[in-house]
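Note that chain A is present in both complexes that follow, paired respectively with chain B and with chain C.
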Partner chain A sequence: MKSILSAPKSGSTVSKRPVWLVAFGSLVALVLINWFLQPSFFDGMVMHSNLTTFLPLTLVAIGQTFVIMGGDIDLSVGSIAALVNVVTVTVIAMAGGDAASVPIGLLTGLVVGVLCGVFNGLLISYLRLQPMVATFGTGIIFSALALWVMPQAGLSVPEVYWMTYSDFVLGVPTVLWILIAGFLFVLFMQRRPFESHLKAVGGNRAGAFQSGINMSFVRLLSFALCGLFSGFAALCLTGETASGDPLIGQSLAMGSISAVVLGGTMLSGGVGGAIGSIFGALLLGMIGNVIFFAGLPFEFQTLVQGLIVLAALAGGVLVARK
Partner chain B sequence: MSSAITVRDLTKRFDKVHALTDGRLTVERGEIHALLGANGCGKSTLSKIVAGAYAPTSGTVLIDGKEVSFRSPRDAEEMGIALFYQELSLIPKMSVEANIFLRREPRNGVGFIDYAKMRTETLNLLAMFKDAIGDDIQPDALVADLTPGQRQIVEICKVYAKNPSIVIMDEATAALDGRQVKVFFDILRKKREEGVSTIFISHRLDEVFEICDHATIMRNGAVVAETAIAETTTEDVVHMMVGDVKKAPKRQALDDEGKKPLLKLEGVGSNLLNDVSLSVAPGEIVGLGGLQGQGQSTLLRSLFGALPITSGTVWLNNEQVAIRKPADAVRRKVAYVSGDRGPDAALPGRSIFENLAAAILVSEKRKLVRAKELRPQLAEVASAFKTKYARMTDAIGTLSGGNQQKIFIARWLATNPKVILLDDPTKGIDLAAKADLFALIRKLAESGVAVLLYSSEESELLDNCDRIAVFNDGAVVTELSGAEMDSFHLTRAAYGEA
Partner chain C sequence: MMKKWFLAATMLVAAGVSASVANAESFKIGLSNGWVGSEWRTQMIEEAQAAAEAWKDKGVDVEVVVQSGNVDAQGQVGQVRNFINQGVDAIIIDPNSPSAFNPVFAQAKRRGIMVVATDAEVSSKDAIYVGIDQKQWAYQSAKWLAETLDGKGNVVTINGVAGNPANEMRVAGYKEAFEAHPDIKVLNEANANWDQAQGQQAMQNLLATYPDIQGVWVQDGMAAGAWRSIMAADKASQIAATGEIRKDFMVTWKENGLNSAASVNPPGVMASALNVAVMKMQGKEFKDGIFGGVYGNAIYIPIPFIDNSNLDEKLEEAKDKPGYWSVTDVVTPEEAEEFFK
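Here is the complex of A and B:
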């Protein structure tokens, strides 16, 4: 109630602090702990392999952020990734399985990812289905499609695909290039009006409508972006595994939502940003690492991640109540 | 030359509610035109149709003589129409500048938001209010951190940022102080000279007579008169707003005048309340009247411990009490029911039973519940309310609004309350349920409960209360009782003309 009593003279300090600060601080702390437990952490090879492991979740988390900022949620990202993975692998095989067929496969995969997102968006923003229910349902559909395209894991991709992915370009690991591109995209979007409109839609639907924002379209776009990034993640997974697997990416939905929350984006929409989600995703990965090197059983990883996400959510509630 | 706005035969229905039955309006270029009428008569609905936020059920709107049919507020904006939304169109978690330029962000060559330009233009707009607020509002402050008055100023800036030729100000002065209103009127006059047409909706008639050229008067969803301000008086306008004054059925005055008040307030104040004194005897229903947002809800919430009281004393049963949190109120047998059922009252997704039991648990400080023991007791209360439900274990959301509301009153009944605070309890419920509800409230009063009732519909106050305390700007300006309890006196007092 204090806010009604006395408006602060120069904005509130809380609003000026970037929402990703906590996630970034925790990430730095975990990196230090990891370094202590695993002195080789900063070796090029170790960094490279860590980044390869964390990259798919990071990309999905970027896409998920847009959906969540708009006040929605996408539970189907994992299934989209699986579908894109099997489609890409199958299309490459059908196009001849040589180096020349790789771009066709990548492009088809991304188009499928975007189409899945658009389908989600149409159901939710135009048919007004509940996002949680709708994407739970479409997730099952996308999974079924993936199994239909490729009933069993198999088919390998041409060497050039996974070699390029795991190699260096201009002296920098490909995976790092991809992460940098993701960062740049996020910075780009931050300065575009779209993100502001999306937050308005997530923050106050009536106000956004009254301000003349085309809400359905904005929400549709956020789902399309999420589909695109799930597609990118799938292409990375394909580069990592070098084959198709209809059951790949099952942990991506919960993982990406956790990363977004850890990154300071509010689940209720309207507040946050994808920078935080990138840190959140890396943070989740680092938690796994630390647990491994601390010698704790693997099952602890999920438990600890769950507890941390719960703490982040509770923290958000406490801040909101203040 | 054609008029800036011409509205003919406009109607709007929301399901069964006829919000607008006969909307007619003519506004010329460069005039300030008042739109007057009691709460709920359809002013905002008419405004929103003109501004493209609602589609009309039927009727025509002409802008500069051309018929228009807006599909969204954006279409109207492109025709130069901007509406100050009574409930404000701001996004709380966004900055002042981002709100003012939402969807119309200045951009640079690559399509990025031009923050520097946005900042300068925001400062220019805020400078219009410089004489009243100095630089109290920072462009990068969050709207959520502003006072209600500051938010209204931001909404006004948002309107003028669109460089509109037609402006609708729907209760834009409600939370402004005297100096801010004065500056705002200077702006309106300047815009009038520039040829801007303004529709001015205000709850203060003196303001209307100060600044407006013409007035259109509405009653119950229909326009009943149009007049030049110079040719009328406030008395006439109030008469046109309320129509034939029908006497409220006279309620027998409480015979025992000396009866000790059950609830007594002396000079209660807070940041939103100003020296409120009131008393309610057992068996009495006292109404809180006046225009919306003048402190009625605030008082009820403060008495329930949900908002702070900073001065004055509250007496319950001749005992001075300090209610600092809702649990204090519940233990002292004070109950609170709000018309905003969702966030305030319901345990959403929980069963009817759990919703009913919530208050008992607090009042008896119970931690563990034996559902078997409580269920018959609660079933009895619920049935006393003629609540229609299938099973106690059904989710609260399966009930209609009216029946949900009965459940929320019933839950307090189970705690045997002494004071019931009703905060616009009939919001959004149908007529039959309303009648049931008020019959019930009367019955409760007859059993010796003291009732404080705020309603945004004045007929509910007139029909159901023994006395009405009329609020303006956080203070009680008049108390109506006996022969004065009619809509004429109530409207006049509410509009500050008593």
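Here is the complex of A and C:
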């Protein structure tokens, strides 16, 4: 651990413009369109509720970025979120179901998230399984565990949990604090050697190996981080729904991968960053909103959403090629 | 003179018309559906849109906004938030989860928005449920099966998704019906995830495993699959099995003279919920003690039943409809009067 963190910076490529620029530009455009379609868009309450809707995917996308930068992929994030959700809710209920039992529930949930990530990491970086197939498999295992812990949606969390989540802390919405914390974490990680090592592992395996980076451990850490962030997302989902649901989070896997790619991170690894993924996730959320406020007939909503996502992805690729 | 009288009369009428226009009530209702991929859901939304349109004849302007897509519970919470932000008067939802909506429904209620769940019950105290009692739905058809078999025989059941709340209520319903007939023996209870092909497969396996089956209790569209297996095994004349409510199946049922019957979960439930919601928004008060169900917030509506005695009648109703059309029923505003004081 120490040797990695104190190793000199390597493999960081300096580019003229940040990779997240396209995602940011599209996001601004969609915000303007949404504002036009929904004049109340900038109301505090509307912004607050939009952010609440987008936050879980944003957090998962941050975690997914680390895995993808290392040249891997994690399809199990949605199942991890479901498992953390039901474990948290069940532990809180078992510990008495009052305000005092909330912290132990949150902590257990996060530990479960990290353990899921570590399990993925061990299979992939030490047993050398293909990440796509391995996490597809572990995803099935994690959702089966979630169904085993809680066979049917239910159980409610203490009011203090979801009230705090949906309310304000020091005059700022709790969800905004969480987003800010996510941003700060990403900025912090950008300055750590870990991220450049990860990019080296993802972009140039032979070079990374020759420069003495402990590749397996770096990849394991990236999966653990991804599990941790899926756990954070699950705690947000729990705050939002105030209950456990073993089937929740099913759209998070493909959603987070799309967000990461929209944000300018290359699926082949080595290039990108989590700032872009945050914009990518917000962008995906905004697409759903714009479709609703445009008043499309319900038969076409899903189709148009798919087309816009495809257009945004294609647009990013075309711009990047120039 | 005549002219003046005419003018006065015209003005009076005009005044009357404009007054009635000014007084016309208008409501905006959001319809939320979190699962696409069955014609039943599409028909549900279309019937609700038609019911909204029909309120115009009563001088009430009901505008509906629809959000429909494959989402998980959190995605559907997002749908509800969009409705709240848009400032609708009521939200009608076919919910993906019984409990995940509690906080967002509480938020809607604080904003004075009425929330009605339909098709699946929710635990929120800030919402009401207007729809069928899934337990009763199963009880009815299981009772028919037990009586058709003269209270004795070997029965198998094919259910939907284990753990789904509606499925669990249905299982409780048929268990209760079969318990009243001690000589009905349930040999096996299979799950086929409400999928027609899986239902067919499950039936094939059951027929192969148990040569001596007299009755089959099977849910929804899986019945069409199960009956295909029964007919393929040449056992249609020896087995009584529940059926389903789509036109395609009813045609097969009629042509082959099947020994079948079906409880109807009408796609009109959302339209029924809409009618109840509009009347509540008009200021009507619910009767005392009208709410029941496990969460104490449900208004149960009648469950139509099809058997060989009224099959022809239902086929007549389906005459001009496409094959995927489901038998339906809507609680009209007139019929909904009985829920109110």
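By definition in this document, the second predicted complex is superposed on the first by the 282 of 322 C-alpha atoms of A that agree within 3 Å, B and C clash if a C-alpha of one lies under 4 Å from a C-alpha of the other, contacts with A are read in each partner's own complex, and residues count from 1 in each chain.
What we mean here is this: a residue touches a chain if its C-beta (ideal position, glycine included) is under 8 Å from a C-beta of that chain, and two chains touch if they have at least 3 such contacts.
This structure is a prediction, so every number in the text was calculated from the model and none was measured.
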Larger contact residue set on chain A - chain B or chain C: C
Chain B versus chain C as contact partner of A:96, first or second or both or neither: neither
Touched partner set for A:315, first chain B, second chain C, both or neither: neither
Which of chain B and chain C A:39 touches, first, second, both or neither: neither
Touched partner set for A:306, first chain B, second chain C, both or neither: neither
First, second, both or neither for A:18, with chain B first and chain C second: neither
First, second, both or neither for A:204, with chain B first and chain C second: first
Chain B residues touching chain A - in the complex, by the definition given at the top: 53, 72-74, 77, 83, 85, 87-95, 98, 102-103, 105, 107, 111-113, 136-138, 140-142, 144-148, 150, 271-272, 307-308
Chain A residues touching chain C - in the complex, by the definition given at the top: 38, 40, 43, 45-46, 49-50, 52-53, 56, 147, 151-156, 162, 166, 237, 240-251, 285, 288-289, 292-293, 295, 297-299, 301-302, 305
Contact footprint of chain B on chain A as seen in their complex: 1, 3-5, 7-12, 15-16, 191-193, 196-197, 199-200, 203-204, 206-214, 270-271
Interface residues, chain C side, partner chain A - complex: 33, 36, 42, 45, 65-75, 77-79, 81-82, 84-86, 96-104, 107, 123, 162-165, 168
